[in-house]
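What follows is subunit A paired twice: with subunit B in the first complex and subunit C in the second.
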Partner chain A sequence: MVSVQESEYWRWPEQIWVDESKDWKNAEVISCGIDLGSVSTQAVIMLDGELYAYANMRTGTGSVASAEKAINAVLEKIGDMKRENIHYTVATGYGRVSVPFANKSITEIACHGRGAVYIYGDSVRTVLDMGGQDLKAIKVDSRGKVVNFLMNDKCAAGTGRGIEVVCDLLAVPITQAGELSLKVDEEPEPVSTTCVVFAKSEILGLIRKGWSKEKILAAFFNAVASRVVELLERVGVEPDFAITGGISKNIGVVKRIEDKLGLKALKPKNGLDPQLAGAIGAALFARALYLKEQKKKK
Partner chain B sequence: MGENVENLPEIRQFKEWFEKRHEYAKKWKEKTGGKVVGYFCTYVPEEILYAAGILPVRILGSHEPESITRPYLHDMYCPFCHDTLAQGLQGRYNYLDGVTIAQSCLHMRQSYFSFADRVENIEWSYYLPFPHGVNNPYAADYAKHEFEKFKAAVEEWTGTTISDKDLEEAIQVYNKNRELMMKVFEFRKADDPKITGLHAMYMVVSSQVVDKAEHNEVLESLVEKLPEVESDREVGTRFMLIGSEDYDEELFKLIEYGMDYPATFVFEENCTGSRYFWGTVENGDDKLMALARRYVYRVPCPAKDWARGDFFGRRRFQFIERVIKDWNVEAVIIAQMKFCDPHELDIPSLRDMLDKMGVPHLHLELDLTQPVGQFRTRVEALIESMGEEDLYI
Partner chain C sequence: MRIVVDGKEIEVEKGRLVDVLVNSGFYVPNLCHHPNVSPASKVKGRDAVFRGKEKINGTVGDYDGCGLCYVKINGNLVKACEVDVEEGMNIITKDDEIERIRKENLAKILANHPHVCITCPYREGCDRISCTFGYPTEERCCDLFPKCELRFIAEFIGVPENTPKYVFKDLPVVEEKLYRWDWNYCINCTRCVRGCSEVRGAEALSFTVVNGGIVVGRTAEDEIKSGCKFCGVCVEICPTGVVRDKKKHTNKWRESIVEKVLPQLKKVFELNEENIKNVPESPGVFRLYDENMEIVYIKGAPNLREALSEEVGRAKFFDFEEHEMFTMRESELIQEFLQKHGRMPRLNDELDDLFDDL
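Right after this comes the complex of A and B.
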């Protein structure tokens, strides 16, 4: 008998991390960024603008509870830090207005731009944020400030949630799907739609036709990459190019986007997790806002 | 201390007329015994209907999901034409005696034909050809010729004769309405624009569905009060709204009242805004020619503006350029109805023009209902990209 756990192929590993080499008590500004997305929630703590700790959790049915869960997880990991030790918190993401302990909310578009420069360096000019239920193509300057952006409309086709559904359908763990999709001798035609519902029906047809999982994944990721590239080309891709958000960890999607664009995506500095870009950007804004407030007080 | 604009009885009256437009028309009919004609699109010379004692009302949707129009309209026709037809099919316009359209776009034309065929109690319908090439030197002659036939059809149906005097009086009422609404829009040039885009939308759309003479009385009172009016809301980013018809309260409420950053629409360049009323009828001896000139030379709908070449040379774009300067517009929201081909064709040139002018802009695709959360993120991100330099340390 298959356990519930084993059948949850969509489930990606939640992470909680703290930089043990740093002592938060020495920091002048402790800032926090919460990225409350539709599928995942990140809480990031930064000490004087440097990453110190984070939690990357699945968003639950309640926005407030998801934000609380992420911040509690990271504080628990740190051990002796309390919420009141945090000087300023900025919330971002789809649920940014539902974070009760945030001092301010800033859009995920601005936060991903800022966070991408932290993760990839100031040469980044085009950021692709591939999230749980939307896609954003963002052009930034060397500070990560948004110059222009485009976001997909209502339909969430070709986003993280779609990939989760396909992994479940094919019984492929989501963390392995990207690699598997590259194990094809020849790239198949993309599936004709990235709409989750239609793609699901089409994929069932491909299963019946006897296509391998690898080939089906390749066809689906090919379609996802085509949709993404269309969005990128509308905003205009200017190197250097970087990808943030959860799908940036899917090599099968990333490689296909790179091939279609004829452009390599930057690699994150120091192995930083690009899924944290929004929360990092938020935490950096939180620091700037706190310093601005302090300056006003003087 | 002046009165708060939100409490002004005039604004509340516009809102009530907007919300209870069907009730208004039914009561008007009961009171006057007159006929009510629904019209699609703002190229219908309402003055001719008004001169015959008819109440012209613009046919609008309700922004509610529906699934009853698919047998009549293609899925990829715009949500507005579906929504208008849905109202008719649901019996909400059963008080109409007639229906008419001046040729604008194919989607609306199809909605009109289905409406005329399917809605109960419609005893008269008239399809009014109107030139697309409004920049053609013969366009006004053509329109006048069609207006003559339209007038004759109205006379035959109602059994009345529309005299020049009747037309003159109707033109006066309509011109007054236009002049007063232009005055209200003039106030919006100021640092404190007095009213919001939501108020302006209530004002303009209510003028499309009530007796203009009655509307004029309220407008006159508003124009008198506006200099003393105060607003307790922060103006924030001065937006201009450009695009298709847009009378969805949700969009205005979101952008002007529901975001983290303050923002105010100071001008609406759409057919539920300035495109409806901007420009009066220049009266002359030939009433129908005067009317034809007004409708042909008004700020055109993108379905009509066929001039080629430099976009700064196009009439609608010249108008937009002037408004941006005179109303001190800081950013533009292009709100286009999904599947609206005329606007879709215009938007690339419009974006180019705005880029050349250095005006930030954002394109939102309108549907029957709006993805409020996504729109909010986009508009807030646009505002963030326009300032907040000190956050980048």
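Right after this comes the complex of A and C.
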């Protein structure tokens, strides 16, 4: 008998948003940032350096198609804006060279630093980017300029993809996993490995042992947090501290990182989505690059 | 004065042979040598040293050196760190015999130092916190890996196939007020010993001969009693990660320690149209170097030849590697550079003025 999985629990909701209170026709510079990541793709439109609209989509199989999908989604949401209206586009993320409509590509290290300062304010000095397939600890100055950087892209432990796999295994919708993991009376021992492959078999063992979903999630997120804190300590955590990337929306992971560091992570200004950091940074660079070009022409 | 190196006649200033060769672009691997201090074999040890509270008894003796910098002068094997350059020397920096000796001596050093990371295919882009191959933490390299001198030299010479497996000995990890000593990483090169006495005039570090080998340690059971003057020269001069600052401090002694020239692990070409024609039209990462061989730019591109042809005139040399995941590889190489230099490569920083409008 063939069993069909009815729900894909890892699926996080795609989002498309526009600030209806603004009119793009009044803007001097319309800049666009595309962050083409391994798991998610964001397209951001900024008006004179202020966030105007964005789309946060899952990355599909084709990089070019994923970038097209995100920019089309955001333009459709805005309604009357066309690609020609955008003055400058900067692409970032692993797929940054696969964005045919971008004027320039910039490394995501620089974009995340810059975007984090926009989202969290200029007091941020240490940015932890918890991406789909890698972890990055970035130290920045008050302008968001990178002064140090440490990453791991060789191991998916503690990354977004790892959490997706676990949610699927436990049949817990990924948006609820963080909350659920906090509903334990006592924090269980962390799972012994955050390795996605090994954690999978360890978790199956825990399910057989009769552990609740809450408890397993707690044990897994506890391990993820420990692994991340180790990385942060390597680069040296200097307050203020902020988390970007999709996992920053997982309260279960964030709270455990805060507890282990003995330090609170900053809250985003105006409820901005920290998964947009890379794309916002790219759009801010796009604006600066456009202004620079205009200056040269004069 | 004029000398001949590997068949090429060159004009050089006087100095210790190893430094002269390295600074003239003929890299000779060398580990126990450091330009700020005298050769290893010139120093006498003591009958005992301390690693924390642990006293290590041995005999007074001397240390022969790492044995990696052998070259041939007029056909005779000589350690390049022990002689000064002389007019008319005819030097060979590399042949089968020299390479064999270097490998033999390197294997002995690596046997007592963690080295799985040096041979790992994933060594770049890894933070050494979790290991894909499951090696235990104590067998892995430390976080100084991106700038570790031993690692660069091992990669240059090539890790010998007969290198014994490293066995963790659980040596003392000593917490002092300013420094943390993890003696598990010590290769007993005595650079700290010579730095302590020759640069700062203290005698807080020494070595003793045990079973024909040497063991480096403090001259007393704690830093105060050993006469440590807290200059931090030992941190600056150590080629591995034995002694680390608990709180970074600086002073004139520390600043006087020059940065050692590390080997170029990849072949570098002059940046001109002729050389670029030989670059494949495939995805990969290239690096640009200035006339002093300092990396000034790191960039990944879907078409190496096309991307490089736009760079002519921006730098003096380049190297490249083919890599499917070139944007990721670019980040890895930038990470390595940042950790080594504490800043971005100069031309990667061209975005600097884009921050001005904040």
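Keep in mind that, in the parts below, the second predicted complex is superposed on the first by the 291 of 298 C-alpha atoms of A that agree within 3 Å, B and C clash if a C-alpha of one lies under 4 Å from a C-alpha of the other, contacts with A are read in each partner's own complex, and residues count from 1 in each chain.
The rule is simple: a contact is a pair of C-beta atoms (placed from the backbone, for glycine too) under 8 Å apart; a residue touches a chain by one contact, two chains touch by 3 or more.
The model shown is predicted, which means the values in this text are computed figures rather than measured ones.
> Would you mind checking whether subunit B and subunit C clash or fit side by side on subunit A after the superposition?
Subunit B/subunit C on subunit A - steric clash.
> Applying the touch criterion given at the start, work out whether A:Pro173 contacts subunit B, subunit C, both or neither, answering first, second, both or neither.
In the superposed model, A:Pro173 contacts neither subunit B nor subunit C.
> Subunit B or subunit C: which reaches more residues on subunit A?
C
> For A:Phe285, using the defined touch cut-off, is the partner it touches subunit B, subunit C, both, or neither? Pick first, second, both or neither.
both
> Thinking of the overlay built on chain A, is A:Tyr94 touched by subunit B (first), by subunit C (second), by both, or by neither?
In the superposition, A:Tyr94 contacts both subunit B and subunit C.
> After the superposition on A, what does A:Arg234 contact: first (subunit B), second (subunit C), both or neither?
A:Arg234 sits against subunit C, while subunit B stays out of touch.
> Counting only touches as set out at the top, which of subunit B and subunit C does A:Ile106 meet: first, second, both, neither?
both
> Which partner chains sit in contact with A:Cys195 here, subunit B, subunit C, both or neither? Use first/second/both/neither.
In the superposed model, A:Cys195 contacts subunit C only, not subunit B.
> Once the shared chain is lined up, is A:Met151 touching subunit B (first), subunit C (second), both, or neither of them?
both
> Check whether A:Arg143 is in contact with subunit B, with subunit C, with both or with neither, and answer first, second, both or neither.
Once the two structures are laid over each other on A, A:Arg143 reaches both partners.
> In the superposed model, where does subunit C crash into subunit B, at 201-209, 219-227 or 345-353?
Given the superposition on chain A, subunit C and subunit B clash at 345-353.
> Identify the residues of subunit A that lie in both the subunit B contact region and the subunit C contact region.
94, 97, 106-110, 114, 134, 143-149, 151, 153-154, 285, 287-289, 291-292
> For a test of understanding, state which residues of subunit C touch subunit A in their complex under the given definition.
Contact set of subunit C toward subunit A: 122, 125-127, 129-130, 132, 143, 300-302, 325-328, 330-332, 334-335, 338-339, 342-344, 348, 351-358.
> Along subunit B, where are the residues that touch subunit A in the complex?
Going through subunit B, the ones touching subunit A are 260, 365, 367, 371, 373-374, 377-378, 380-381, 384-385, 388-393.
> In the complex formed with subunit C, which residues of subunit A make contact?
49, 93-97, 106-110, 114, 117, 122, 134-135, 143-155, 157, 193-195, 227, 230-231, 234, 285, 287-289, 291-292
> With touch defined as at the start, can you tell me which subunit A residues reach subunit B in the complex?
Those in contact with subunit B are residues 94, 97, 104-110, 114, 134, 143-149, 151, 153-154, 285, 287-289, 291-292.
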